[in-house]
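See the structures that follow.
In the two complexes below, chain A is the common chain; its partner is chain B in one and chain C in the other.
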Partner chain A sequence: MRNLQLNSHGELQHLLTIEGLSREMLIAILDAAAPFTEVAEREVKKLPLLRGKSVFNLFFEPSTRTRTTFEIAAKRLSADVINLNIDASSTSKGETLLDTVDNLAAMQADMFVVRHGSSGAPHLIAEHLLATGSDHIHVVNAGDGRHAHPTQGLLDMYTIRNYKKDFTGLTVAIVGDILHSRVARSQIHALTTLGVPEVRVIGPKTLLPTSVERLGVRVFHDMREGLRGVDVVMMLRLQNERMQGALLPSPQEFFKSYGLTLEKLALAKPDAIVMHPGPMNRGIEIDSAVADGPHAVILPQVTFGIAVRMAVMSMLAGG
Partner chain B sequence: MKIHIKNGRVIDPAMGIDRIADVYVARGRIVAVDQAPQGFETNGSVDATGCIVCPGLVDLAVRLREPGYEYRATLESEMAAAAASGVTSLACPPDTDPPLDEPGLVEMLKHRARNPKFAHVYPVGALTLKLAGQRLTEMAELAEAGCIAFGQANTAIVDTQVLARAMQYAATFGFPVWLQAQDPFLAKHGVAHDGEVATRLGLAGIPVAAETIALATILQLARETGAQVHLTRISSAAGLEMIAAARRSGIFATCDVAIHHLHLCDHDIGNFSPHARLDPPLRSQSDREALRHGLADGTINALCSDHTPVDDDAKQMPFGEAEPGATGIELLLPLTLKWAVEMKLPLPQALARITCDPARILGIEAGSLAVGMPADICVFDPHASFRVTRESLKSQGKNTPFLGMELQGKVRCTLIDGHLAHDGSWA
Partner chain C sequence: MSVTKLPEAEALLEKLIAQMRPAAGPDLALVGIHTGGVWLAERLHAALGLAIPLGSIDVSFYRDDYGSRGLRPGAKSSSLSFDVDGAHIVIVDDVLYTGRTLRAAVNELFDYGRPGCIELAVLVDRGGRELPISARYCAHVLAKPLPPQQELVLAKSAEGRLSLTLKDRVDA
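On to the complex of A and B.
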């Protein structure tokens, strides 16, 4: 069976997940992103690469940051951008996900940027486009359920490469709610594919998925032990709803065990960088002193995110 | 109607028969095997050369979708599928809409199913009203209307006191209780086996403990109440081991497995294929191996199709939102044969799991070619192959993870009470 993400020439057709993409492909995306970071510093921040193309942002789950960065990226490439925030109400009107897709395909869309609460929704769309002969439309996964958030994973890799140059000697720790995190899954696949020799995940047993070590990571429950000697600390957002129920006793207790403080960060390498996909919960997963401190590269992540998304979109639809 | 089935390889696991022989049918019953009875004049004959003649198949789980889900399937569509599959007796779970919780509904179903070309229908009545797990149904009345057992389909009785009383009450009258072992709390929001695949795909998991914990409860209550328990759709090696241990300690419980769990595992979810969204979930490779061996050695008593036609709209959804279940009745025989070939099992042993063994669980007069038995007969060509496609399926449900597969075993003709219900000899 052909990889759904690649066309018959082995080129990127959709970006659905980092899993299964080659190291060369990931490097090519990171390389392509580099020139776009300079565009942002120009007076005129536009390139004509997607001129005349229609990019539909299909957001079935609320998001401000990701949607905005995709919108900026598409606009800087001169695409026409249409934002559709589709909440549960339109599903209750009876239109299915694939009905929506068919309708937008009929409007001569060139690209769908999809955010959906269910794992696998972008795969379903890509398979449907293939089955209905509309696979000239590209699908970019902007986050599906707990499954994947590939552009986030890529922008994180861009950030790491920017500060650390080489992946092959690094120790990287991912901290927090791995279980529910699509970001963590994409990070793990990207890091292991790019040759990072040691990827660690740190969290309580309630927030680590079953058999997570099979993804090629070392599991730590003690944050201090897990942070020892790392080059990169990747914090994850703890969603508010996880703090209710039986996963955790309280945000305070989570912070005590798994919040990143200066004291815990001191166990990492002196030049370690601290990343966070945002939005941050200060005082829950990360202390303000760290978030605003010299090790944090959280705002550069956002800037690089636009360049990486421009690179992905231009590789897919830039001709 | 007198029918002479000639020259086939007659396999009757119940009688230990496996030889080339002729079978004679008259007045809806089997009147002789090998030699024609004196004065037998045939009205019609079936040439079964190169084919296997076995008892009509008995399927322990076929959703006919009536009443309530006629947009998914109708009695007509699914009975045509049954006849074409060699299935002559089937049990249908109570998860219709409304559920089979009052005698009128059961009578209506039995009435609608009264057609000489239709398989015998054995409804499993709801154990609790609306399957809600709170109040008992009128089991004695339902039994009079035709229910052969009582169950909850895929829903659990959360309140263990209600479960205990339901089992006690059923045991009072000797009614079998059919239960699916899945703890609703541990399975909450889960859509796939809690393992590496679910972790990789970001799907909420259902741990094996959801099955074993529910099994522990049910088996203990079976011991306490003396209820005759049948456990439906076992999915894990650990669950199977518990059932075997319970039997060794004297608890009476039978169990079945579905064709999907016998042949597939969580890896078959692939790229979020909604066809692999099943309840219980497809488990790990080692679980599947245990189920395949458990069915062979008889720890699992029967194999069923767990036939669940689902309309395309409810299936073409992201994996977790898709309706669970797969159409399966037409694959019961081919997938039994595939299992037998792969496990190097003698055919009579394999066919027992879809004929006499499930008939025993149902307590019905079926599943054997003994003289005097109803003439429910399946004649099939074990080597004829076909590709599973939407078009090749007679069931209204086209949802199966086996789409595109090449399988062996085609039914040539099906007799129900001596009537030719399906004649595919020229197909």
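On to the complex of A and C.
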């Protein structure tokens, strides 16, 4: 795939995936996000950066949290936000998607935030915009199929840096349904690019992609073994709605082996942080005692997510 | 290129402190503009013995050239820990030039509340104003406005000593 994400000056034009972005670019995004966190504490929680811009949230797949945080981020930047929830099942793929894009381009859209069930849909849109001379419109991938969820990966990196300061001495474990998780892919690319020396993935064989090791991670099937001495535990949501066939015996069985409990967390470093992209399945991948406990930074992740999305949108829309 | 003789920043700061001393009091709030203005504001705050905690703002998010030049890297967090409503605020910056930075700073302050009044203190006025803005406190006005391709910047040494330097703009 050609890297459509950067313009001829090496600046971010679209955010489609973390894969292929340099460490410098990831650090630049994290640095840019920091001052946006303060805006939420002001009397007027609004900056004028995207004043007069139209941001379209194109959600071909249901999402509450991601769509809401993108909407808040765009509104805090003074953009006009239009939410389109498009039921993908009632439309034929490809042509209809691009027809939609053409129509919105004709409405003078400035940015598309795209969530789609098919991997590569945001990339397809970015290519189409280039081909039709509408590449002044920026595309942000808000999750595509099993491929990528780059702003989630970035907000996770922001969260880790906030609590651990430096990436280069960390051991990070990603736990659960790696196979169906675009979040995990974005996390792995971000962590390895930022120089985390040990990234572990923990899950049953049936929920790990084949040859996941090639991404530069260590594989563990025993959660207790995998959690030993880690600085960061990144839990994943068990993707019930994506599950086809019997990849695992039962949610209860999964919890027993791969659910994060206080007892298992005790094997990690005493100051380990626990993250989760939400929404959580309590009692399936994470125990409430952990989710609500002192190691959890799950709600700060949500708050940081708004700042990171504001930073990404500001970097794309300016200049 | 003629060499402009630059005044000593430390001497100018003394002059600025003297100018502002009559206004110093329990109700005076200083807000420095990143980065040079914050250095000056820190020194002024200590010298004038002010009680209200020092504020700092970075106007990156309010600049009028975002649409043409994009988000600048290195933006810092703004920090105002006092109540802006009704406050007597003096914005502190190192160099007053077009006035656009000050326009952005005033806009930003109003997103924190409704100040009672806002004044401006600068070390040097280099001329070249593009907006109706002037400084209430100013230690030095350059006899001849600097040409646009030159940039007057405040520097801080490791020991904390301030100095002014003139350089060619890299982004002009």
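Note that the second predicted complex is superposed on the first by the 307 of 319 C-alpha atoms of A that agree within 3 Å, B and C clash if a C-alpha of one lies under 4 Å from a C-alpha of the other, contacts with A are read in each partner's own complex, and residues count from 1 in each chain.
The rule is simple: contacts are C-beta pairs under 8 Å (C-beta built on N, C-alpha and C of every residue); 3 or more make two chains touch, one makes a residue touch a chain.
Remember, it's a predicted structure, so these values are computed and weren't measured experimentally.
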Task: Considering only touches as defined above, state whether A:Leu98 meets chain B (first), chain C (second), both or neither.
output: first
Query: Touching A:Gly318, do we find chain B (first), chain C (second), both, or neither?
result: second
- request: State whether chain B or chain C is in contact with more residues of chain A in the superposed arrangement.
  value: B
Message: Once chain A of both complexes is superposed, is A:Glu11 in touch with chain B (first), chain C (second), both, or neither?
response: second
Message: After the superposition on A, what does A:Pro35 contact: first (chain B), second (chain C), both or neither?
response: second
- request: Applying the touch criterion given at the start, work out whether A:Lys205 contacts chain B, chain C, both or neither, answering first, second, both or neither.
  value: neither
- request: Quick one: classify A:Val44 as touching chain B (first), chain C (second), both or neither.
  value: second
Message: One more residue to check, A:Lys165. First (chain B), second (chain C), both or neither?
response: neither
Message: Help me check something: in the complex, which residues belonging to chain B touch chain A?
response: 194-196, 198-205, 207, 270-272, 274, 313, 316-321
Query: Contact residues on chain A for chain B in the complex?
result: 1, 4, 19, 96-98, 116, 118-121, 123-124, 127-128, 144-148, 182, 185, 209-212, 214-215
Query: chain A touches which residues of chain C in the complex?
result: 58, 60-62, 66-71, 73-79, 84, 107, 110-113
Task: Enumerate the contact residues on chain A facing chain C in the complex.
output: 11, 28, 31-32, 34-35, 37-39, 42-44, 46-49, 311, 314-315, 318-319
